[in-house]
Structures are given as C-alpha cells and as structure tokens.
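Reviewing the structure listed below.
Chain IDs A, B, C, D, E and F follow the sequence of writing; residue 1 opens each chain.
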Amino acid sequence: MTTRDFEIANSVLVGDTADVYFHRTMTILRNEGMNPEVVMEFTPERGGVLGGINEVRSLLTKVLPETGREVWALEEGSAVNRKEVSLRIHAPYVSFGLYETAICGILASCTGWASAARECVEAAQGIPIVSFGARHVHPSVAGIMEYSAVVGGCVAPSSVLGARLTGLTPSGTMPHALVLIMGDTVRAIQAFDRHMPPETPRVALVDTFHDETEESLEVARVMREKLRGVRLDTPKERGGVTPALVQELRARLDQAGFSHVDIIVSGGMTPDRVREFVETESPVNVFGVGSYISSAPSNNFTADIHEIEGRPAAKRGRIPGITQNGRLGRVL
Amino acid sequence: MTTRDFEIANSVLVGDTADVYFHRTMTILRNEGMNPEVVMEFTPERGGVLGGINEVRSLLTKVLPETGREVWALEEGSAVNRKEVSLRIHAPYVSFGLYETAICGILASCTGWASAARECVEAAQGIPIVSFGARHVHPSVAGIMEYSAVVGGCVAPSSVLGARLTGLTPSGTMPHALVLIMGDTVRAIQAFDRHMPPETPRVALVDTFHDETEESLEVARVMREKLRGVRLDTPKERGGVTPALVQELRARLDQAGFSHVDIIVSGGMTPDRVREFVETESPVNVFGVGSYISSAPSNNFTADIHEIEGRPAAKRGRIPGITQNGRLGRVL
Amino acid sequence: MTTRDFEIANSVLVGDTADVYFHRTMTILRNEGMNPEVVMEFTPERGGVLGGINEVRSLLTKVLPETGREVWALEEGSAVNRKEVSLRIHAPYVSFGLYETAICGILASCTGWASAARECVEAAQGIPIVSFGARHVHPSVAGIMEYSAVVGGCVAPSSVLGARLTGLTPSGTMPHALVLIMGDTVRAIQAFDRHMPPETPRVALVDTFHDETEESLEVARVMREKLRGVRLDTPKERGGVTPALVQELRARLDQAGFSHVDIIVSGGMTPDRVREFVETESPVNVFGVGSYISSAPSNNFTADIHEIEGRPAAKRGRIPGITQNGRLGRVL
Amino acid sequence: MTTRDFEIANSVLVGDTADVYFHRTMTILRNEGMNPEVVMEFTPERGGVLGGINEVRSLLTKVLPETGREVWALEEGSAVNRKEVSLRIHAPYVSFGLYETAICGILASCTGWASAARECVEAAQGIPIVSFGARHVHPSVAGIMEYSAVVGGCVAPSSVLGARLTGLTPSGTMPHALVLIMGDTVRAIQAFDRHMPPETPRVALVDTFHDETEESLEVARVMREKLRGVRLDTPKERGGVTPALVQELRARLDQAGFSHVDIIVSGGMTPDRVREFVETESPVNVFGVGSYISSAPSNNFTADIHEIEGRPAAKRGRIPGITQNGRLGRVL
Amino acid sequence: MTTRDFEIANSVLVGDTADVYFHRTMTILRNEGMNPEVVMEFTPERGGVLGGINEVRSLLTKVLPETGREVWALEEGSAVNRKEVSLRIHAPYVSFGLYETAICGILASCTGWASAARECVEAAQGIPIVSFGARHVHPSVAGIMEYSAVVGGCVAPSSVLGARLTGLTPSGTMPHALVLIMGDTVRAIQAFDRHMPPETPRVALVDTFHDETEESLEVARVMREKLRGVRLDTPKERGGVTPALVQELRARLDQAGFSHVDIIVSGGMTPDRVREFVETESPVNVFGVGSYISSAPSNNFTADIHEIEGRPAAKRGRIPGITQNGRLGRVL
Amino acid sequence: MTTRDFEIANSVLVGDTADVYFHRTMTILRNEGMNPEVVMEFTPERGGVLGGINEVRSLLTKVLPETGREVWALEEGSAVNRKEVSLRIHAPYVSFGLYETAICGILASCTGWASAARECVEAAQGIPIVSFGARHVHPSVAGIMEYSAVVGGCVAPSSVLGARLTGLTPSGTMPHALVLIMGDTVRAIQAFDRHMPPETPRVALVDTFHDETEESLEVARVMREKLRGVRLDTPKERGGVTPALVQELRARLDQAGFSHVDIIVSGGMTPDRVREFVETESPVNVFGVGSYISSAPSNNFTADIHEIEGRPAAKRGRIPGITQNGRLGRVL
C-alpha cells in the first residue's frame, strides 16, 4: 500500500477524543516545565495485517515539530507479528502525548479490519472479495473500515466514501427494497438498465420473490448479453446460500446458454464458509463479505516509553531501551 | 435513557457513507417517478441492550418530511430480544432509503457497545464500572462508543468527547508515561496534586516501578488523607491483577491506617474476570473496562420493507405486513 | 396394542432363516434322545418400546405343543427397561429351539422401530407423526416396519401393506415425479383432484419448481376450500425445511385467507429437529418421519436358558433360575 | 460379484410395499393418458459398498417392457461415492414408477449391510470374518442381509437361507443352549462329534461353565486332533473377549501341544474392536460379527427424474439432465 | 482421631531430610546472633482431610523449647479448606526453622492419603473400605500411609506396621502365590484353615484358576459355615470385577445355601468404580482399595512467616499478620 | 546408573511393612513343609524410567540364599515399557515371598519419581533441572525420592540425605524466612556471603519484598561479581513466574552490566510450563522442580509367579512360563 494522506478530524486534533488523563498530564508537565525527548513504541496484541499507519502518519505530520522528530513504522498492509514494534516515535513528549489514545485507536481498529479481510482473501484462493459491511458499523467509520478492508486485500468497497478513500469504483447491485417496490425482479433489472450509465455492470439480486434459479433464468432471458451477473443473498430462514445451490444455478444457467453470467454470493460469509465453497469447487465469481470484516475485533495496541532523554526506560513488565526491528522504515 | 439530540455529520447527510446501490436506487426511482409510502422495520440479530436509537432519531428528524411520517421505536437502553422490531419507519421511501446503511450501522455498533457494557455491569453486582476503552477504537467513534457504554450502565467515560456527549465528569488517573517521565510514582502524584484543581480526585497508578503493594504504601504515606485511591493495572507479563493481590493490598493498606484509599482495578477486564473478583469478595471499589466494551462485536440489524402503499409485502424468508410489538413508542 | 395374529412366512417355519447351528443342535438332541423341558428368557440390550411380541406369539402358536407350554410376555407397545425379561417360554426345548434366531430377530427389529417412533412422538408433543420411511428399508420388511412405527405411536403408515397390517388408512401426498411429469405444481394438484375419490385429502407437494410460499399460494388460489394441506420437503441443497419457513408460510397463507390449509413437514426429521419446531412454536400440522424410524438400530435381544427340567441353570455371567417380573402376562 | 437372479416376492410385484402415493400417481397418469419416457437416477446419501443392485435388476427384468428400456448400474460390491449415480433407468414412467419405494429400499438396506461388512473386513486385515447377525434382524430379511454381508467381504453366512443365496457353506459352532442341556462342555462336543458328518468342523463353545482357558484345555484333551477350534463369546458381564485373553489362551493351548486348534472370537465385535485385536497381534483365526453388520444404518437412496421425453428436467436443488458417470455399465 | 505419639526417625531429627538451605540459614542466623520469635502458618493447596498433624506434633514436642512456645492446629482427620491455616507455630525461629521441609512433607503426604481414603469412604456409603495399597508405595512410608488411610475412614490396614500404628487388626486374605503353589484353591483354603488361629477369618481368593463363581462354590461346599468370605480380584485381562459378576455370584451362593459368605471386591478400585457398585446395588460386603489411596497426589503445604517479634510481616503475595481461624485448638 | 548398595531398614527386613497375608502364607507353607523353587516376574503398569532396582537388589542380597538363586533385572534408569518384565527372581519361595509388598512398593514409587523427572529433563532440552520437592513428601522417603529424581536426570538434589545418597552437592539458595527475618533482601545476601564458605554459590531469592527486577538489580549492585544468580519463585497470587518476566529481567541485568548473573526459576514447574519457557527462548539457566516429581503417581508393579519347580504356571489372565526379555541382565 503506498503512502497516502488523510484528513484528520478537528475533534482529534484538539484532543477531544483523548482520555482525560492525557490532558491532565499535559497541564502537569507544562507547569513543571518538563518536556523530555522520549521514544515511544507501539505493539499489537496479536499478529495480523497492519492497518491505520497512513492515517497515523497524517496525524503526526500535523502535530510533531518539523525538526527533532523521527518516526519509524512498518508499511500499511504488511504482516505484523504478535508484540512486534509497528510504530516508533522519537520526539518531545508534550508534542504528541495527547494523541496516544487516538493513535492506539486508529491502529487497533484498522488492523482488526485489515486482518479480517486478509483471512477471507486467503480463504478465497484467488476469487475476488468485495467489502459489503458498511451497514454493520457506525457511519463515522464506514469509510475508513472499507479503506482498511482494501488494505487487507478486498478488491472493492461498497460505499461512496470507501470508494473515495481507496480510489476504487464502488461495487454493488441493488437492494431488496428496489425489487420489492418495483414488485418484480425482472422489472427491477429493466429499470436499472434504463437509467444506469452503460459502464455500471448489470447485476440482479435474485432471491426476493421466487426460487433463486428461477429468478436468475427469468432475468437472464430478458437481459441476455447485457446481464453481467446475479447475486445470491438467500436469507438464513431459507437455509442461506449453499455450495449445492451455486452448482445447480451454474448448471441451469449454462444449459440455458448463459455461461457469461457471473454468480456473486453474499450473506453471512466468513473464512470458513468461503473455504467450503472453494473446497467443493463451487463456481462462485465474487464473494461479498460483510460483518466478518466490519465487526472484526480490534487488535489492541500498547504504547510504551522505552527511552527518556536518551536513557533506556520502561515500566515493570517491559524491557527498557529501543527494541530492534529491522523491518521498520523511516516515515517522518 | 431520556431522549437527546445528536449532531449528524455532513458525510452522513449527503449519503457519502451509504452503499452505492442506494444512490443508484434513488436515481432509478426518481426517473421512474416512483416514491411509494413504505413501512420499514429494523430487527437485531441477537438480544441485548438497544443503543443508537437517539442518534437515529436525530438523523430522521433532519431528513423525513414533517408530515406523512411516523416513527416508532424502543427506548434507548432498553432490553431488546433477538429479532424484535426495534425501529419502524413509515414514510415515503425516497425520503429515507438512502440512509438504510447509516441507520443499520448506528444501531449495530451502539447496541453492541451498550450490550457489552451491560454484561460487565451485571457481573459487577453494584461495584461501579468506568469505560476505559477509548484507546481501542478509532477516534471517530470514541465519543459515541463511550456514550453507548453509559447507556449500558457504565458510570463514567474516560474521554473528553464521551464526557460531553453524556454530560458526566470524565474519569481517569494518570498514564504510565507521566510516572516514567517523573521518574518515581511518589513524585508523579505530588506533581499531580500540585497542579490539579481540588475537585479532581487524587488517584495514583501504582504498578510502574515497584511491587504494587509497596508503591501503594509509599504513595499513601506521602499523600495521606488526600489520596482518594490507587489504580492497579498490572501487565500480563506480571500475571495481571488477581483477586489475591487486591485482598493483600487492602489488608496492607488497612494495617497501615489507610482504609480510606479506594482500589481501582483495570487491564483486560471482562465479565468473567469481574465475576471472579466479585465471587471471591475481593474489595475492589471501581473496575475500569476497556476493549471488552469498545471492541464488542456489532449486533447486526436487518432492515425489511413490510408494507408498500398500505399493502403487506416482504421478501422471501420474511413475514409480510407490520409486525406487532406493543413495546414500541412513537418518537416522531 | 391389542393382540393380533400374523401370518408367518414358510421360510421361517421350516427354519431356513435359523442359524445353522440350531439345526445341528436339533439333530444331536434327537439322536441323543434328549428333549428337556426348559425355561428360556428374552431380554433387550437397551430400554425402549417393546415391538414384535404379537408376531412372535403367532409363531409360537404354530410351533409349540398345545399342552405343556407356557408363554409369558410384556404387552406389545409397552415400555421395557434395559435387560428386563420381556418374553418367557416354558416348553420342551426341541419344540422351539430352532426358532431362537427368528424370535430374537423379530423382537430386535420391531423394538428398534417402535422405540424410534416413540422418541419422535414424544418430541412432537401432540402433533401427529406419519411414518414415511418405507423407501429406506428392504421391501420384505416395509410392512412390519410400518406396523411397528404405529405400535410406537405414529398415526398412519404410508405403504399399502403397512395400512393392511395396522388397519389404518395410508397417508401420502404425491411424489415429485408426478409434479415433474405434469410440468407444474398447479396442474399436478388439479389432475389429482380430478381423478382421486373425494375422501382422499388433497395435499400438494410445494417445493418442486418455485419457492415454497409461492407454490403454496398458487395452489391454494386454484384449489381454495378443497385444498387440505401443503407438504414441505425442501431438499438439503436448499437448506431443508426450517421453523422460520413454516412460520412465514403460515402467515402468508393466513393473510391470503387460507387458514384452513394444513402444513405437513418432512425431509430428514429426527426427534431433535422435531423438537426445534415445537420449541419455536412453528405451526406444523403433521410431521412425516422417514429414516429415523426405518433405519433405527435394532435393539438386540438375548435368549438365555434359566431352568432345565425344573432346576435353575444358566451360563456364566447370567443368574440361574427364573427372573421375577410382575409385569409379565400369560399369552399362551 | 457376478450377476445372479433373485426371486421377487409377490407383495413387491403387486405394489403392496409401495407408498400409497405411487398407486395414486399411476391412476392419475393413466386417466390423463400420460406415460412419458423418463430417465431416473438413484444416488446414495453416503459413500460405501454398493449392495442390492442384483436384486433390483431381477425386479426390473420382471416389470420393464423388453424394448425401449435401458438400465445402467454400478456393479454389486463396488465402492460407491457420496451422491454418485449408482443406477439409471431409462423407460416409460408408468412401467416402473410404482417400484420407486422398493428399489430405494433394497439399495438402502443392502448397501448399508455391505458397507458395514466391508469396514470389518478392512479392519481385520486378512483374518476372515463370518456373518453372525441373523439373530439381530427380522427373519424376513435375514437371508438377504447375509447375502449382502458376503457382498461386502464376509467369508460365510450363518443361516441356512443366507447359505442358499450365497452358495456358501454356512458357518456355526453350537449354541449355549446345547451346552447347558448337555450339562458339560466336554459332553456337548462329544455328542456333536458323534452325530455330525465328518465334514462339519468340530468347534467348541468354551465359555459356558468355567473359565475359557480351562474349558478349552479340557475339550482339547478329549477331542485332540479332531478339534478344529474353540469359540470365545465371553459375555459383557465378564468383560467380553479381550486381546489378553486370546493371547493367554493361544499360549496355554500351544504349551499343551494343541497348536492346531483355531481361536474364533465373537460377541459385540465392531471394526474398532477388531482393530484392537489386529494391532495387538492377538492370534485370532476367525471373527464372528453380528449386529454391527445386521443393524447397520441404511444408506438412503434418492431417486430423481433428470430427463422427461429427452429434455433435461429436475426439481429445485438438483441439476437437470443426465449426470455423467463413466463407471456405469449397462445391465438391461 | 485422638492424639497419639509417633516415634520420629533420627534422620529427621538431625535435619538430614531438610533442604540444605535451611542448614545454611541456621548457620547464618547463629553467626549473626539472631533468633527472633516468629509466627509461622501452614496452609494446604487444596481442600481435603487433614493428616499428619499428630506426627508433626510429636516432632515439635521433641524440638521446641518447653517454654515460650505455642502450637495451634486443626484436629487430625478434620476437614480442611483450600488455603485454611491448619497449623500455627509461635516459637523462636532457630528452634524449628530446620524442620520446615519435614513438617510440610508430613502434612502434604498424609493429607493426600487421608483425603483420598475419605473420597472412597464417601462413595461407598457405609460399605467398609480396607486399605490394600501397601504394595504401591515405598516401604519406608507404608505404615504411615496406612495410618493416614484409617484417619480418612478406612476400617483396617493390610500391613503389620499399619496395624501397629493404628491399633487395628490387619486385614487380608491370601496371595495368588499361595494358591498357585498349593495348586488348587480348595487345597489352599484348607491349608489356611488348618494352620491359622480360629480368630483369623477364612476368606478365599477365588479367581486364580477357574471362573470366580465356580471357585467360590467349590470352596463354599468344602468349608461350609467356616467360610467367612470370598475375594474377587479378577485381573484386567479378564475384564476386572464388574457389578454383574458380584450380582451373579451372590445369587449363585444364595441358591446353594451360602448366604453367610461375604463378597470382598478389590483390583483398581476408585471412588468412581465404588460408586458404580453402590448405584447398581451390587451386594459387596467389603471393598479393598489400593493405589487410589497409596499413590494419591500430595496436598502441598505452604509455610509462611506472618509475624516477627510481634510485628505483622509477610512476603509479597501474602497478607501480613496472624490469620484468624476459630477452628484451631492449642496442641502444645 | 551404576549399581550401588542401599541400607535396608530393619522394619522391612523383619517384614513389618509387608501385607499381613504374606506372614500367614509363610506360616502355612512352613507347616505344610512346602518351599518350591519359583520364578517370579515383576512388570510395571505403564512405560517410564525404571527406578528402585538398586535398592531392591540390596534387599535381595540380604535375604536370598547365596546359592540356588538367580536374579535378572533391567538397569536402574533405563527406559521400561508397559508390562515389560523388569525384574525376575528365581529362588525358593519362602526365602523372598514375604518381601513382595516391599519390592513392588520400592519399584512403584521410585519408577514414578524417576519417570516424572525424565519428563521434565526432556522438556528442558539441556537446561539443568534441580530437584526441589523434598518439602512435598514425607521425610521418610525424601532422600530416596531425590535419589530417584537424579536417576531420572536431575542434576542435583536439595536435601542433605538426597545429597548423601547420590554423592552430589545439594543445591539451594535461601528460604523466604531468612529474607523476612533479615528484613531486606540485600542484607540477607550480605549475611549469606559473610558466613558461607567460598565454594557455596551466592544465589539470592529476589521476590520477597519488591518487584523481582528491582530486587535483582539491588542485589547485583551490592554483590557484583560475587553474585552467582538470582532465583525467581513468584507466588501464584502475583501470577507466578512468566517467560516475559525472565526476558525482562535478563535484559535489565544485561543493560546494567550483570550478564554473569544466572536466572533460576521455580514454583509450580511442570513439563508443560518448562516447555513454555524453552519454546519462547526465555533465558532460564536452571529450573527447580518440586511436586511434579515428588508427588508423581506411583507406577504400580505386578508380581506374578510364572514357574513352579520348573513347570510353567500362572494364574488366569497371565501367560504361564518365563517371559522372554533379552534386555534383562543378571544382577545376583
């Protein structure tokens, strides 16, 4: 992942999202006239795929003094081991102490999302994964969640903001709401076709009213070569999407002469369920993954001071002095 | 939880955080001249404590037409069952269809946080719980996460923004960084005492350099009646905080005449670990809970149309028509 | 279960189905001039519902001498405990020794079937169970299997022979083959209606071509009051029948004014799956259970001599002398 | 297994063992004047060893028209995979539709028995297995069960009918009843020896009165070279037969000069227990296996129409059109 | 258990069994001229039945000064909780510091043995338990192990030394060696009868050559009223002793008129196996328990100083000052 | 392990530790004038490391007649398989029958201890293990337990008697009692240094008052090159010793210039916990293992007569005649 710049919200810059005790610490140090140069290292609780580093770099660019600072980090999207130093800041403490909460939070959430995406990507063995989870997280982080999913290997986001942050075209078909309002899947895809620009792929959602294979064939018979794909999103109440359903749909589409129509599968996908399709060689063209990525648990980061004014230091339980890690590169 | 208003970010209002297919749906319906009145219901995947309803209400106030709309909901902070209708919107579809992604996302995240907080609160059987997890989520949601933790029963947030949203005083002691920079726990609490207003409680973090019982006694001997409490945050590398440690510390503090000093426990707390302290009657005064609340998995919400222009409707797998739920109250 | 007579196959009467060593034993004893009066007791390996006793009685009636015999047994269909004496024969050994294989075999198979049926009946808590498993056992025992299922509590068999043995009307709808050949579910039920006598209930199989709710409504709209029920037999490839599907179908039928139409559920039903429907109060009217009953494991019976010419006897591991069991009644 | 002909019971031929709905289907189609040519395929639920095909072929020979029919099948006794097409009938539907219940039932039961037998045979790694389970199934299927056990690899049946169907000599020793009646194991084997033709092997059952090793030595001392073997059938109440018992018995027989005496083991044998003897190199000469084979669960078969009048067809969940399987051979 | 005196081995008194660092500590303190009065408390790792206290008291009587000492303890054989203070020594440290290793060791081993015995006794619900485990521990502790088993509730030891320490008559029958050498169980019990004093109960071991029920009846027929009991010790190779075997033996003895003959069961007995006999109401008269008691894991004791010269003291992790325990009684 | 002689306690030689039935057997055989020459073989219940053979040999040397005896055994400390003959005695029965209890007991206990020690040694992959468990067994076997631990691979015992039996220097540091009495860890090690001969290594126990790393550095700063090591024995109440603690302590010692100071780890060590340190490459120099070795379960031995006066013999369940084992060597 190449470096890119992020806009940093004002509430972060003024420290509103910081734990109150950092504000107190700033006051105390200022009053005591202390501002030592320290080295702080950030390490994750578990291994995974590092996310959030580019956003943290954008934040630090804004707050650290231009001289007398040094920031080292692993690259966005690279593998990171349990307890491996992923970020090292060398600067006057008062210039960045207030942002410890925010830096840890960005790294924790983004690394959690990127790692979960990577698990799905690895399970899919080459079949593309699209991020479909915007609806399962608070909208304030929907964009950065999708950006992190792409860092982890997803090929496309589904939200407008995710598209803007990643520079990719957003992926998506149509909601069940459209089909219900149009009253018929065929009518829905025809309306879609009438009003969407030609470059938007025609992909029909085919489980709203009838059996999936039936709706697929009806849609294909009407749209013919213009139909790019069908999306299966069968609800749990009907057993969810199964490998056997995909195999049967592929056979029926092929028998009817629609081999060009892709099959997109979504609904409760996890690495285990993706693997099930891959291992049974079920002919899925694209997987849509939602909450497995968007509600992935954070990978908590710990921030520790390891040097104060050039001398090794550390609290109990941590090893004083800078931790060697040849994989770090200087980013500021 | 009484109703309160939330500011809604512009990116949400313009639909940037929406899945792209909702934008497409809006275009299609507009071009087709369709805008039916629909009833949409929102239901959670699991039971828990409902969060996010106040924020959703603030969003809907901004976007729904003033007449011809009806919104029913459960109260913020009330218990909600698996698949129970928690929100019902009755309005022209085009006025709110674009916000399905955001509404589901707000409810999913906030209900996840509030439910996790409630689990801790119930485990603690009356001992207060403070939200300490701001550092484990992206700062863009740190404030709303803390607000939701308070909805679930926490007595205080730790971030400035969380404090503003909840109207409570933020809780916090001091970071390890301050103690390390001051070079000594006693010196750190003395500096804290010098520069903090009298109403800020003096609570020392006592595991930075020495054994926790030793640091506690040193701090107490210097601060005497002014010391409000000590916080134990022993790292995993030293076995974490255990019930036996709390019992021993209480005994040593009491033997030395410091029965007025509270013991605050934090670090990897979960309902199970909280229960362990409660069941062994370990004298904890306050628990600080971090990532159990802040990285709680979302409780995914499903949005389903159940009526179109007054007629029952539903996709396969869902029951057409309005679902009866006497617990709903009208909020708009 | 009242006593009834069974026809005994000639191959059993001539001993063709006996283990060869019983033939040898008959030869040896005859040549030695021995024919002691013995008491033989039959006990099951596990608890359950006793089956096969009526058929065994019919066999013994044919082979035991009219005088000097005494047969005691538990009643067909009564509960039997592990190792409880269920049958006791007191007669000259040569008159029945050859039939030990057949008697044990009848009791083992029939008790296995009756016990499995009872488990389903108990799980269903009053909802009727129909035996649908003839297709999963060899036709030579299809009839007696269905008779045993009725002994265990099923309300009807599905085969003609099962109906003859139990004196009940056979239950059944239509096969998928008929629907496929007619090319349409509606056409199939209409043909059924045309050619079946009025007393045969009109029950449509509704999962052949389209979604189950859709086919059900189509069929109901055409047949109206004449439609007695619909049968759901969704294949595993489509997730099987789920409680949510039954609930939705009921709601859609009711909304369309077809509350009189019953819902029959079949396909891989077991006591656990039946319980799932019962516990979620899913409105099933009849369950069809197949291989859980028809391939139930035999409950093996052991035959032991406990008295020879009036003296207690037994092989090692068994207790000599007649075993007391006040629940036995004299049947011959 | 070479092809052989089976007698088909009249109750099967007249359809008495069929599900009643097939009778109804025949009536409807006849009245509608429909009799399309269809292709029906039969597939098992699990992998195993195919049984029953020869009997099904005998049935089809009797009912299908001599021209215009085509039947393809895997060979009796060959391995079959989960869901693999094992039988394909191409004929006018009305000529065989009535027999779907019987055909599925024959294949399900026989494949279950043959597969269980094969598991034991494979566990025994060359030590012969004899079918001893006639006493654990209904006598109406005792013969065909034993035939299927031989299809799966057993070397001999124990019943007279099983012997007739397989063309093998039935195997067996003597029942406990004979020993009890004779009052002494030595006297029993001597009587056996007096009255049995010389070609019947002298095998004594040695656990009726005394310890197995003791009875074996007593019998061997009296019978000497005429003794072919001893059978251990120790009841569960005495711990069953163990590898250590077989090893000790072999050692004691050899020390006494009776190395020519075989050891036959029976009583609750399963593949796992057989493997235990094999892995401890316990010198068993023959295993007798009973209920593991005779109450093996059926391997349910599904019958699906895949072509009607030359056009691909299938119900939902199945793939339309003939399924390729190069292993099938034409049998009619 | 009433107090009794134990002889203390010289190697213990001179400190040979002590950890070497206690010798060093004695030297250092002597050279430093230090001998503070201390309070040391001993607590077990798990709950159980306290053993070894009487032996420890005997040791302390020998080494503590007659004045200025105070020893408090729970009673031998009483229940003790996890971490409960079981022994408290108040004396000049140099007078007993050397014996910390021995005191902890005595308490650990004896409490382990007594607790295991109690588990068996509770499982047996009134049926007496005899200690048979001398052969599974080093002879240097065989006597004290048996004494501890009696503390835990066993009714008799089996060794001569165990008998001397407990003041009970040792229990025992005859070894297999005697039966093998005499060549016959009947001859063995007859020789036993000839040479043993009349007060020694005649109990025959009945599993050496023949089946247990057979040997029992042979012995009973010869010894008649003189036979007190038979002992079943069936080896694992024959399946061990089972409840069914005991039931059968009881029935056969009673049928033959030997209701006065007791049944003693031994061989691999554990609380679980004892419970199996009790729950099936198998008529066992006495259980012999061996290695479950004699190789019970030690219940490790911790020795902690809680007061030095009247001031509370403790190492980290323990609470300073005397621990209240109203159940302690003064023993010295 | 080379052969060595053991002193045998008088209570063993006079048979006080024997089961009483052996005394009776001796009386009976003497009165009957029987003293056959027998072969008795001893086999363990599980595989492991053989212990106790040297002590048994010393016992047999004292009791067997000098001529007409033959004793074969595996070597002390060699691996032994489940049920492998480890000791074979060929001698007149009356000369050693009384000692069966003692011989089995010695082998059972010592083999249990040696095997547990070996498991730790293997887990430690070259890092030395010291036996620290004297405090967890009765002092009467503390010495022989430590001898057996050395047989299993430990490098040193901790007790004086263990040292005498093994000919090794006992290992040990100082007890918590000394540190508490001296009131300070530094003062304790200084006193130790003053009064101990120069060859005794200076090893400080560093977890009594402060954090382990802090006490270690204080001690090292005072003792400098004279400090040989520090011992970590952190109590469970403080989380026990963890790999992270060892890593941190090593780093802090090295940073302060004390790379020559060894780290000794003890407290609840088991093979699993030792492996955890080894796998994380935590720089431990010595492990102290206590109750895992000293309360290891006995490995019960069975004694069986296999020959009487030259003829094969055995009780039921065992194979008559001498068992071949080429690994046995003649020891008497």
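Odds and ends about this structure:
To be clear about the criterion, contacts are C-beta pairs under 8 Å (C-beta built on N, C-alpha and C of every residue); 3 or more make two chains touch, one makes a residue touch a chain.
As the structure is a computational prediction, the values presented were derived from the model and not from experiment.
Listed by label, the chains touching subunit A and subunit C alike are B, D.
Just to note, of B-F and B-C, the chains joined by more C-beta pairs in contact are B-F.
Averaging Cα coordinates per chain places subunit B and subunit E 57 Å apart. Between the CA-based centres of subunit C and subunit D the separation comes to 22 Å, rounded to the whole angstrom. Counting partner chains per residue, subunit E shows two or more touched chains at residues 209-211, 234, 236-238, 244-245, 248, 316-318.
Under the contact rule defined at the top, the touching pairs of chains are A-B, A-C, A-D, A-F, B-C, B-E, B-F, C-D, C-E, D-E, D-F, E-F. Per the touch definition, subunit A reaches subunit D in the complex via residues 211, 213, 244-245, 247-248, 251-252, 255. Those residues of subunit C that touch subunit E in the complex are listed here as 312, 316-321.
The residues of subunit B lying in touch with subunit F in their complex are 209-211, 214, 234, 236-240, 242, 244-245, 248. Within the complex, the subunit A residues that touch subunit B are 9, 11-12, 15-25, 27-29, 31-32, 34, 36, 38, 40, 52, 93, 97, 100-102, 104-106, 108-110, 112, 132, 134-144, 158-161, 163-164, 170-182, 191-192, 194-196, 200, 207-210, 234-238, 290-291, 294-295, 297-298, 300-301, 303-305, 308, 313-318.
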